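Structures are listed in the sections that come next.
Common to both upcoming complexes is subunit A, partnered first by subunit B, then by subunit C.
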Partner chain A sequence: MAIADTGSTDRQLAAGARRPNRLFKNLNSKIAAIPMIFVAMVVFLGGTCWTIFYSFTKSGLLPNTNFVGLDQYERLWSSRKWMVSIENLGIYGFFSLIGTLVIGFTLAALLDRKIRGEGAFRTIFLYPFALSFIVTGLVWQWILNPELGLQNVVREWGWTSFTFDPLNNPDIVMFGLLIAGLWQGTGLIMCIMLAGLRGIDEDIWKAARVDGIGTVKTYVRIIIPMMRPVFVTSLVLIGSGIVKLYDLVVAQTSGGPGISSEVPAKYVMTAMFGGQNLGQGFAASTMMLLMVGIILIPWAYLEFGGKKRG
Partner chain B sequence: MKLTTKLLAATAIVAASGAHATDLEVMHWWTSGGEANAVSKFADAWNATGNVWVDGAIAGGGDTARPIMVSRIIGGDPPAAFQFNHGRQAEELVEAGLILDITDVSEAEGWADIITPSSLLDSCTYDGRVFCVPVNIHSWQWMWLSNAAYENAGLDVPTTWTEFAASADALREAGVVPLAMGGQSWQQNGAFGVMALALAGQEAWLAVNQDKNAEVVMGPEYTRVFEAFGAARSLSDGLNVQDWNQATAAVIDDTAGAQIMGDWAQGEFALAGEVAGTDYSCLPGLGEVALLDTGGDAFFFPVTGDPEIEAAQKELAALLLSPAVQVSFNSAKGSLPVRPDVDLTTVNECTQKGLDLLASGAMVPAGTQLLAPDTVTQLNDLMTEFWSTPSMTPAEVQQQYADIIADAE
Partner chain C sequence: MTDAMSGPRGAKPKKALSRNNIIVYGTLFVVAIYYALPLYVMIVTSLKGMPEIRMGNIFAPPMEVTFQPWVKAWAEACTGINCDGLSRGFWNSVRILIPSVVISISVASVTGYVLSMWKFKGSEVFFSMLMIGAFIPYQVMLYPIVILLREAGLYGSLSGLVLVHLAFGMPINTLLFRNYFASIPEELFKAARVDGAGFWAIFVKIVMPMSLPIFVVSMIIQVTGIWNDFLFGVTYISSPDRYPMTVQLNNIVNSVQGVKEYNVNMAATLLTGLVPLVIYFASGKLFVRGIAAGAVKG
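Here is the complex of A and B:
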């Protein structure tokens, strides 16, 4: 203790004498961080500002600076397709978040019970994640196709009135997408959860057992609160997957039937490249950023702001 | 030493062959059976000149392919040539100076004299300079009917839309889906365009599409179209397909009665070995108003800055319009040649009907030549929503259609 105290006093004295510029403190690591800072500033921040700037113009196939004020936003919010997109994202986001977390955690907890062949199951569950969304979308398009897939198989088994045709029913098409999304996404979350479960000290389990607490109750009351950082990581991964939902829709339904499975990212792509209307696409992507901001900023403030970690 | 000599020799061979043959990457969205067959005629002709055709086919139709092409051109990695529909789709690329000016090829080959109708070349011309090669004439204005489906149901093959609509119930009772319709929005909006021209007539159609007159959309002629289109919605129940050629396949195997689709569908009938008149029938203008819209495909050549590629691009441009290539390509594609001085090798009944209409001048410009892509996208969205939402009334969609036309440029 005494030695440490003396050391820190010495350093303070030295600092007072030479007053080194804080900018050059730890110079090597700052130089190493320059590329990252450059990417963050120019690519992310610069790109964002550029997009917002041009969302106030009447840019067509190519950007121009013919300003039209808020016209693009007015058209965006009066468009039926945009409203349907937002609603669909809400439905998909809500069920995908809950579903992925619940299924992912349940699978992880089951694997954590030291079952036989854990490695094989883990690989099987994680395998869909190795596929691209395009492949997943096509596979599930076939499985959900009434003439080829599930409906046909069940009918051949003898249940001839069985009807399961979500992709052609505007009311439930989002759930057809959700099935494919969950199939693809839960494996990764399961692995992250499993790693989190393995990080829990054996002694916690022993203590719970000594106190006579049941397994399920131990998970819900003790283990899950201890896994908070793992849940935060999972939430970020799931959340970013929801907002950028695009390729699955393109592969599985291409927004149909009608416009009933449109999503905001697809609206942006169609406006920018199909309709050759960059201004409209930029306005839509700015709104997407704003929505993410509205959800993310208060949450990030609560999660990382108030208290210092470490 | 020996190895070095071999390597040098190999390098020399590669260099020598590189000097003569130019690889040109050509992007297009012709991927259905009939289309792929047609595009191979271009590729064969180009390869026969000692150059190499690098095929850049993109599956999924124009709405998928165009964004990929545009992003590659804007991103500075353009293909040597790409397919667009003529008209307003490439307007801004030309204005931005990204497309090669091929006026010299056009003048040398005398395109102004041979291309018929001249509106096709006009659609490639911006400020008096030529920027694209129209390769075919396609018309949306057709309905294709399965003769066998009607015979099996004990019905005569309809000759007008009115007869078709009246026979739909009897066809349904015989277990046949009356109207095949793919799930993609461009197909539904396209079919509406066909019905609009056929049922509202040329004058009203031009007032809406050319003059952007929203009052005509609310007028009695168009009201009739919206009601007929609304009534047609239930006719496609029971057939869930996405791509147009899957819908055509349903007409080919007689599980569907008819399809409203452009003449590119004929390539599919030909590939399946069907004969016009005996296996299938065709009604230009739905049998109501026999008019063809003359849209089609055109090739554009992006500016690359490489003189060698530029020379090859101009060579390809001239080749695409040469008489032999026009005949082989258009025979396979089911489209009509852009030059009247060639004879198609196999002219069937339907193609002959089309040629006669063109010769008599019964034609209007295509929707893609008149409406900006932004407007087309909005109309696609509207019509596909209407098609798949039974609770949406024709009056509602009519009002929204009028709003879009009023805002169109």
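Here is the complex of A and C:
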């Protein structure tokens, strides 16, 4: 892939050198690429640099260039709300990552056992992914309603001491969000895992059977290591999704009770558009960018750095 | 000898309900209940009257079916001073959706075409930057875009929001088209060039007719993505009567004033989810293909 690309650029370079008017060669394609160039350079690159730059200023209601060094970052990390946000993101992220991978892979493996009704099961597991986080959050807010929801029904069934009210309990509110998040997102990972499982050679299974290796052991010892790229893709998808976590919180808990389910993305939004505190918003969003970088750079290195040989 | 003849030959026939099968189907059924439950709860709650809801079993089917909550959610529910229901948000969303989808698919398909067949020096660099940009948290770029839109005089308007959707829909759709077009045989392209076809002629007469499925896949991704958006709607629309449906829904359900009408809330939630759900159930395999194509990058 990489080699083919360089090859074609070389050829174009050579062709360009022969002709005097290089800019006008392929003019139509360059015009057609203008929207892409604008979005990549101005919106994505320009916007990111702008925000990082202004995160070092004392911007309040409006952006200004009154530089204060790392002040905004110091305020950020000494703010209790931000610390709660980071902690929540850590809890949510950890369990969401493990939960999504385990559930996604297990469901895919079960569906791959040549069962009847695979299509129906897949349709049921994946439909939540078509719904927005707002819809997801509102439905689960209703199901987890302490007075009229799940808790009440289980108590009516006879288990009168049953208590599960994550939306009223600051200690477990993140797990209320997690239930909804997993419901919405696991179908996607299941689909990706299933595609990965289907790509594995049938002969591997035959060989494992001949050697008398059990089904579960074959999955753990042979299939999962073979599916490393699929797991890495899933990891990146889940990871970048976790950092973006915002709509779900707004819809399901509005950050409450108190500030117990605040997340960084919501902190940014409140600082920028609610609190007239732009500098804090810029600093917090730069920290979010840093988090994504920590997830992404090792992946990009593994994915593209190691593939140089083609 | 007789022993060998009478013994079983070939593979051991599978019993329909072996212990393993019970575990597999049992697990799948239990999990399926967890996934199906919220949709079921939404439907039954939206068809009950408030007195029945207060009796407290959210899983029970309605004893008396009423469509009043749906009527109220669509035409009467209040957000702030506007009491004309979710219909307002619905039409706003439609007005945002149609231009966003049409323009972004046109732009992305042409860009993908450039990147697969008319590469120029630097085109791959811009493309890589576009793809990296797709991973940047939106929050980082929100405010600079506010400034850009304000400069253009579009901040707060539906057209401004359409532009935002165009920008953020670009990476995934461009990738989709680029990868699909790359699989079109190069000979075809060369033959067309020999026959004198130019940039646009090749795109319209050869590439587009060959690529109908990917246009549908891209449309599915865009429609669900834009319809489900909340963040951009809440950021770039300044006045409540222009809010898209998701934002209005959240405002209706999470408003602190008044008595909570859970049946109306669930009807409103279901109404908002209806568009992507219909697309999902109608498109079947293409939806799966779309997300798989979007997910497995590189």
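Quick notes on this structure:
By definition in this document, the second predicted complex is superposed on the first by the 259 of 310 C-alpha atoms of A that agree within 3 Å, B and C clash if a C-alpha of one lies under 4 Å from a C-alpha of the other, contacts with A are read in each partner's own complex, and residues count from 1 in each chain.
In the analysis below, a contact is a pair of C-beta atoms (placed from the backbone, for glycine too) under 8 Å apart; a residue touches a chain by one contact, two chains touch by 3 or more.
All values derive from a computational prediction rather than experimental measurement.
With the C-alpha superposition on subunit A as described, subunit C and subunit B clash in the combined arrangement. Applying the stated contact rule after C-alpha superposition, one finds that A:226 touches neither subunit B nor subunit C.
Shared-chain residue A:269: touches subunit B and subunit C both. Contacts of A:277 after superposition on the shared chain: subunit B is touched, whereas subunit C is not. Touched residues of subunit A were counted for both subunit B and subunit C, and C has more of them. In the superposition on chain A, A:62 makes contact with subunit B only, not with subunit C. Of the two partner chains placed by the overlay, neither subunit B nor subunit C lies in contact with A:200. In the superposed model, A:254 lies in contact with both subunit B and subunit C. Shared-chain residue A:44: touches subunit C; no touch with subunit B. When the two structures are aligned on the shared chain, A:172 is found in touch with neither subunit B nor subunit C. Of 153-161, 207-215, 225-233 or 279-287, the subunit C stretch that intrudes into subunit B once chain A is superposed is 153-161 (criterion: clashing C-alpha atoms).
Residue overlap on subunit A between its contacts with subunit B in one complex and with subunit C in the other: 145, 147, 250, 254, 269, 272-273. Those residues of subunit A lying in contact with subunit B across their complex are 60-62, 80-81, 145-147, 165, 167-168, 170, 250, 254-260, 269-277, 280. Within the complex formed with subunit A, the subunit B residues making contact are 63-64, 66-67, 70-71, 74, 89, 91-93, 96, 183-185, 240, 242, 372-374, 376-378, 381, 384-389.
Across the complex, subunit C is touched by residues 5, 8-9, 12-13, 16, 25-26, 28-30, 32-33, 35-37, 39-48, 50-51, 54, 63, 103, 106-107, 110-111, 113, 115, 121-136, 138-143, 145, 147-150, 152-153, 156, 183, 187-188, 191-192, 195, 215, 230, 233, 237, 240, 243-244, 246-247, 250-251, 254, 265, 268-269, 272-273, 278, 281-282, 284-286, 288-289, 292, 296, 303-304 of subunit A.
Residue ranges on subunit C touching subunit A, taken from their complex, read 20, 24-25, 27-28, 31-32, 34-39, 41-42, 45, 53-54, 56-59, 107, 110-111, 113-115, 118-121, 123-124, 126-127, 129-130, 132-133, 135-145, 147-148, 166-167, 170, 174, 198-200, 224, 227-231, 235, 246, 249-250, 253-254, 262, 265-266, 269, 272-273, 276-277, 279-281, 284, 287-288, 291-292, 295-298.
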